[in-house]
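Okay, got some structures for you below.
After this come two complexes, each holding chain A, first together with chain B and then together with chain C.
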Partner chain A sequence: MEAVGRLRVSGWQGIRNLDRTLPVWIGASLFLVFLMLLPLGWIFVASLQTEAGWSASGYAQVFTEKAYLKAIWNTLIISFWVGGIAVVIGSLLAWLVTRTDLPLKRTIRALVMASFVTPPFLGAFAWTLLAGPNAGLLNKIYRSLTGSEEALFNIFSMEGLIFVMALYSFPYVFSMIANVCELISSDLEDAANILGANKLRVALTVTLPLAAPALLGGFILAFLHSLSLFGAPAILGLPASLHTITTQIWALFQYPPRLDLAAAFSVPLLLATMLLIALQKKILGRRGYSTVGGKGGERRLLRLGIFRIPALLLVLGIIALSVFLPYWILLKAALAKAWAQPLTWDNFTLENFSFAFFQYGDTQDAILNTFKLGIATASAGTVIAALIAYITNRQLFWGARYLTFFALAPLVVPGIVLAVGLFLAYARPPIVLYGTIWILFVAYLTKEMPIGFSQAETTFKSIHPELEDASRILGANRLGALRDVTAPLARTGLIATWCFIFIGVIRELSASILLFTPKSKVVSVVIFDLKEEGQIGVIAVLGILLLLVSFMVILAVQRLVKREVLATRE
Partner chain B sequence: MEKRFGIFRHLAVLALVAWGSVASAQDAALVAAAKREGKVAWYTSLALPSSTALAHLFMNKYKGIEVEVHRSGSQRVLQRVMQEVSAGIKNADIIHTSDGGHFVLLKGKGLLMKYVPQGLESFPEGFKDKEGFYYGMRATLSVLAYNPKIVSEKDAPKTWKEILNAKWRGKMVTAHPGYSGIIMTHVLALLNLHGWDYFKELAKNKLHVVQSANDPAGVIASGERAVGANGAEYFYYKTMKQGNPIKIIYPKEGVPLIVSPTAIAKDAPHPNASKLFTDFIFSKEAQQMLADQQGLYTGHPQVTYPKDKPQLKDLKLLAADPAELEKKNAEIKKKFVEFFGA
Partner chain C sequence: MATVTLEGLTKRFAEAAAVHDLHLEIGDGEFVSLLGPSGCGKTTTLRLIAGFLQPEEGEIRVNQQVVSSRSVLVPPERRNMSMIFQSYAVWPHMTVFQNVAYGLKFKKLPGDDPGTRVEKLLRLVHLDALKDRYPAELSGGQQQRVALARALVVQPQILLLDEPLSNLDANLREEMRFEIRRLHEEFRITTIYVTHDQAEAMVTSDRIAVMHLGKVIQVGTPQEIFERPKTTFVAEFIGRTNILSGKWREGGKVDLGEGILVQVSARERYAQGESVSFCLRPHNVALSGSEAEAEQRRRSGYNLFPGVIQRRIYFGDAFDYMVELPAHRMALRVVAPPSQRYETGQKVFALAHPDHCVIVGES
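What follows is the complex of A and B.
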């Protein structure tokens, strides 16, 4: 508000008082708008373009043809359930880890991080081996234990798809809620306690409302995340004849491509997100939750008592589904000649490793490309996301809040549609990026902006401007205050942002699948190619490699900053 | 008399030597030019282990020329080629898919280079484009297969019609014509044999839908499904040879024969290496390797096949016309999705 007021001061005095750091803010904003508008604009144009000229026939077809409507319906149902389940699991785990005396907290955080790092398509692939109705190992165990003929669980179904997608969406909610839980001081809860409220009432009337913005934000994030997933639906849905919007769009790109239909599919989605975000704002209203300020706040842990061990088992059970079981089956598939058979000496082989690393030429280039892109995008993305989040959070100039929409917009544009927009935008002069690794960089930067932005925004939201104001009163300019006061406070949050973007990039599939050329292959694309051909052992090897290197990068970053990336503020 | 004959013989040998040295001089020039280019980008739909094996065979023979194998399904290979063409990117050297229709399309759009590889004269007619733009580098059969641990030989389906029986509901796997050129050709062949009703009926049995014609082999081997309603015979055979429980059925009604062409892209960035690799593909050495180690059939008349595989002449083969494939491509994809849901 202060900056707005200042800008409105007319005359010489006003200009002299202008914040000299304004170009930085405006530059970052313009860059963001350009980054988003170009591909999105192209999608909009393409949705109205047919070979015969301008026409809305794409929209008409999307909303009348039964198969397309079915895909839209499937997607909405799936995303709704994924959002709901992710919020339940994510917030439960976050609360247990931050506000109770649950044992092994550090380990659990690391394991949630591991589920987050696991690409959903890899998780989906592992689950086809675990819970395929006939050969799936869990179903085999179930049958041999019960003597039943039936399968316990068929992963190739809508329920299976929801299950797997929720497993790899809940970490988003977890990190959001964990951040908030760490920031809510116990003072308010204590006050309620002193005034005679019991634990349940405190939880419902104090803790829950304080966490509400994050819960709703988490739901929307998980919902939108699952909306745009491509790999998991392609791996689990298609074999069961189940299309989602993303797989349908992907099918539309096959030769001869129907860009108009694909684009027409995504424009309503874009409008839907605008609505969702508007709704979120309306519900939350002006209720901010900056309860961290310069003043100290104490956070005490709830004693779980006899529930301590059952709670731990529940948490480990959830982690088993997203990490232990999938990793184990990947390792087994990598080392076995026949993955469905017991891993005996006869069945043991290193053939998959030697094929992946020494015979198959794509592997090494793909690994190199993947990590180059991961580091470059994460670094550039964090800086931009932080600047934008700061602008919107502090309302630096008029219209700043509309930047939120631009930063979040890519979330609803399925990666594959974004890829078409980028393809249309950057495969022709003046900016020709297609055919190089740069188009992937731009794609990832665009695609990861919502995650980076939400992460950075949550960070800034929780840091009350009063500290910064103090520094500015003492004469620092805005950039200086940001650097010396806010950034150090936000450091952990921003490093988390870096990791989130990095992880998002190295597992990105849906945009890469259209934008790669043989010179710019990435690991996810190689894995998807192999999946379509059924090269299970080689996929397992590459999957393990992807996971290992990701963990190494994260550990290295943690060492560098000497703290856990998703650490408790203490 | 004997002396004159001797002279003749001498002359004949000389002529042969001279012809040979002309040929090898050409070869040497081609090899030198190819080595200067240093690599060839091969967009291929041949199964990854097989295409990698072929690439390594070539790289061992011509040191210093790298073969970049870019393997995907036939329809994806075409998609990639067209996408790159539309953006003016010249990356592909050699294009190889199992959908003959693609080559009618590519030739029609002027995207192929005319090149006749050495030794092609002796190949049968079905392997050659009359105008010299593309040639069949391998032949694949699409067959039925089952897992003998789950289905006894007596119960196993013997014909394409038998898998329409409701007792196979939920027990079969199919690959996808929207991905695989082999399955595209398979669908056309059976369409001509039994009509669309066949697939409409088949879809009622709720098949597990995978993409590549190679994937059903793994699905059957693991026991995830009992019967493969189609799939590349060479990959079933290879998987079986690795000790997996698979039995192949060559249906009596006829077995779709898929001839997979290879061609050089008009704007190939490495034209000489492309020509050398194309020559190599059709050499007896390479074709025999495809037959021996990869379980494929080829058009090369001197190639011999493993004893436990049927001879092509003993099977009733269903051939597909590339022009018809090109024409029906969109219809087949659409109908298949309509029936099978994805």
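What follows is the complex of A and C.
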């Protein structure tokens, strides 16, 4: 029943009857395996290679030199705090939005989505304008209000870094917990109520334990996210001489490059992410979590009563930190001659826009490159993700399900580690891509494969294999069935896949930062570079451009999917 | 016009029910059901016939031409078959008309042009008024009719149906059974019908093949299967039944112990004293409260089981009794008309004709 039309080949007759589509499936599979194995393999090889030959001296140096140990230690502390804060904020918001009568819920969801879409490096940049010790706007306001000489906040510190990273990590926890909260039916809670437990006890003894695996899973997710971030630590940590693993790897790539050390540094990070993902899988895969899925059960909303407005204010306050304040300062910086001055008519200018779009060659090229890469990667990525997802979903040949592992492998690879691997793999013959825009294409294709694959997989899962079988038995060959049935039905899902990959690509920084060359700059890299030059207005313009394009794409997907849902509703 | 022969068909799987050394002959224009519990391999068999799966051993022949074997696999699209799926598999992005017309894209048929042909079929399944609707706007039963029309419009040699009614509600299911049989009588297409519902198989089929654990256990007309089950599995799967066990005695008798000797009907002879079982349908047992009447029936050849009413259930059109036989060794289920009313604890005589006491083998 499940093994739908496997292309089983046996003997000469089998080859004669061989499906003409088989080369496509095999080709896509081999490409995927090659794409994933090459960079990861090179990291392990390079970490054990020195000029003198094979040795583990790289590892020895990484784990003995004080500065390197400090970077590892910093990373752990930061990620731990980010994980903790993100869980508290994310689960609180998720619970309020899904299980209470909090007002403006749809708006709040949209705003959390906005924090999710905001690239953390952009958020970090905005916060340097808000809470830099000298010129930071909040500090200026504080000084003018109190007459104090001191700064209220210094964002260039470990606390500042944790704060900003948590702001852009909590949406991960939010979406995870919100899903679980929507699945816990009120029946389970009612059962406890009937047995005599009051609201608080129900929350503590039923709801919380049911959500506990998701909370732990959310913590790990936020922890992982902050482990792999490069932009925020580089922007906020480096001025305070605070290194993390990712910034350290980046530093090792600067002149004179120490590839062996960078690789040796990457391996522990890689192993740590693998371990954490395995742990998370295990926690979420346990029996207790799956029993939450009582889909029929209705959910009633808890009445907040007099806490309704204070709760809303708290939520809006959190959103203000991640969205309102950063967006406002970016907009102000983009439109002002002097960003730190009030935005009066005298201070207003469109110069930053014209400069970024028409005068400054670097930004023009970068914008073009970014969108070219976005479109190219999204198109190629969608095709490959769709082919692989189709193979695994329909089990087209033996071993097809192992492809899932390869398609999802980049999940455990932080962007900067991937970049190290790609550099090692493609900066030397036989395939020399370094120095061209193609290495970025390959990097993005690899990095976005998990999201593209999952999206495509969901799409094919929703298309019953019998729909294709019906077409074949009536006379269509496999290709005909794909053309007449599968392709039209998968269209919306695959357009969504394209959009997700596109958004992922245009905001990518941590792999790009190691792989760009002066000829192949992208917007995120230019933002990072311009920061050194203090071109704040131009950065703001580029940031706003990224955000606008992302939001437009998301809105387009939402409208498309909604139309589809309406059209096929029973 | 087509015959189908399955010979020694074997398919092993990790993920679906397996088929072992399966044999079945299906005549031209015949309607055969593959009947069995879930996991017995009936759907696998159907998908093997359709060409979606390749057998590991054995072969499938259509009109004596091999279409599936270890080394041959004619793809589904070149088998001139149609199939109706459990999920209906009606394409949601095409209208009713487009769904039905699809197969004609690939197949040139003499006579009417495709449009007329589709219209005809839609009228036949009473969907002509809905031809421009999308499947999402149809009920389950209407979608099922679309699937039927789509399968029939191409005039297939062989029609395959995979539990086509299992997703419909009870009333509609009953109606569609007759509909399917009616269409078969109209077109006389060789049909293989997979189901786990014995009533469905009874109503629709010329012959039923009962499957269990990847094998065909018994093939026969619905009446043969019901009245002469070969094994306890078949007897119990098709309708309610009593299975009684005892020792074989000379002269076609079974000794149940406690002095009860039952005259049975058997296809073969057994050794004196060998353990055997026979089945006896609850509605083939008559009850009598009077010893004289019972004795008279016994003399005319009936088997007599004296017992006590243990429980009674009222079904409106019948009473369902459980009659306890001597020494509490066994109980007999009896279905009697509502006019025959006995009280719990009452002594009764159960009577059964030897023709209805059918020896069954172990499955």
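Some points to look at:
One rule holds in what follows: the second predicted complex is superposed on the first by the 366 of 570 C-alpha atoms of A that agree within 3 Å, B and C clash if a C-alpha of one lies under 4 Å from a C-alpha of the other, contacts with A are read in each partner's own complex, and residues count from 1 in each chain.
The criterion applied here is as follows: contacts are C-beta pairs under 8 Å (C-beta built on N, C-alpha and C of every residue); 3 or more make two chains touch, one makes a residue touch a chain.
Keep in mind the model is a prediction, meaning the values are calculated, not measured.
Number of chain A residues touched is higher for B, counting chain B against chain C. Contacts of A:Val485 after superposition on the shared chain: chain C is touched, whereas chain B is not. Once the two complexes are overlaid on the shared chain, A:Ala476 sits against chain C while remaining clear of chain B.
Within the superposed three-chain model, A:Ile85 lies out of touch with both chain B and chain C [touch as defined at top]. In the superposition on chain A, contact is made by A:Leu467 with chain C only, not with chain B.
Contacts of A:Ala425 after superposition: neither chain B nor chain C is touched.
Judged by the touch definition given at the top, the superposed model places A:Ala67 against chain B, while chain C stays out of reach. Overlap of the chain B and chain C interfaces on chain A comprises no residues. Listing the residues of chain C that touch chain A in their complex gives 13, 15-17, 43-44, 47, 50, 52-54, 70-77, 79, 81-83, 85-87, 89-93, 102-103, 105-107, 134, 136, 147, 150-151, 154, 160. Looking at the complex, you find that chain A touches chain B at residues 67, 132-136, 156, 237-243, 247, 251, 253-257, 337-340, 355, 359-362, 423, 427-428, 434-435, 514, 517-519, 529-530, 532-536, 538. Against chain C, in their complex, chain A makes its touches with residues 1-6, 8, 10-14, 17, 464, 466-467, 469-477, 480, 484-485, 488-489, 567-570. Contact residues on chain B toward chain A in their complex (touch as defined above): 41, 43, 47-49, 52, 55-56, 66-73, 75-76, 78-80, 82-84, 86-87, 89, 91, 178-179, 208-212, 214-219, 221-226, 242-244, 330, 333, 337-338, 340-342.
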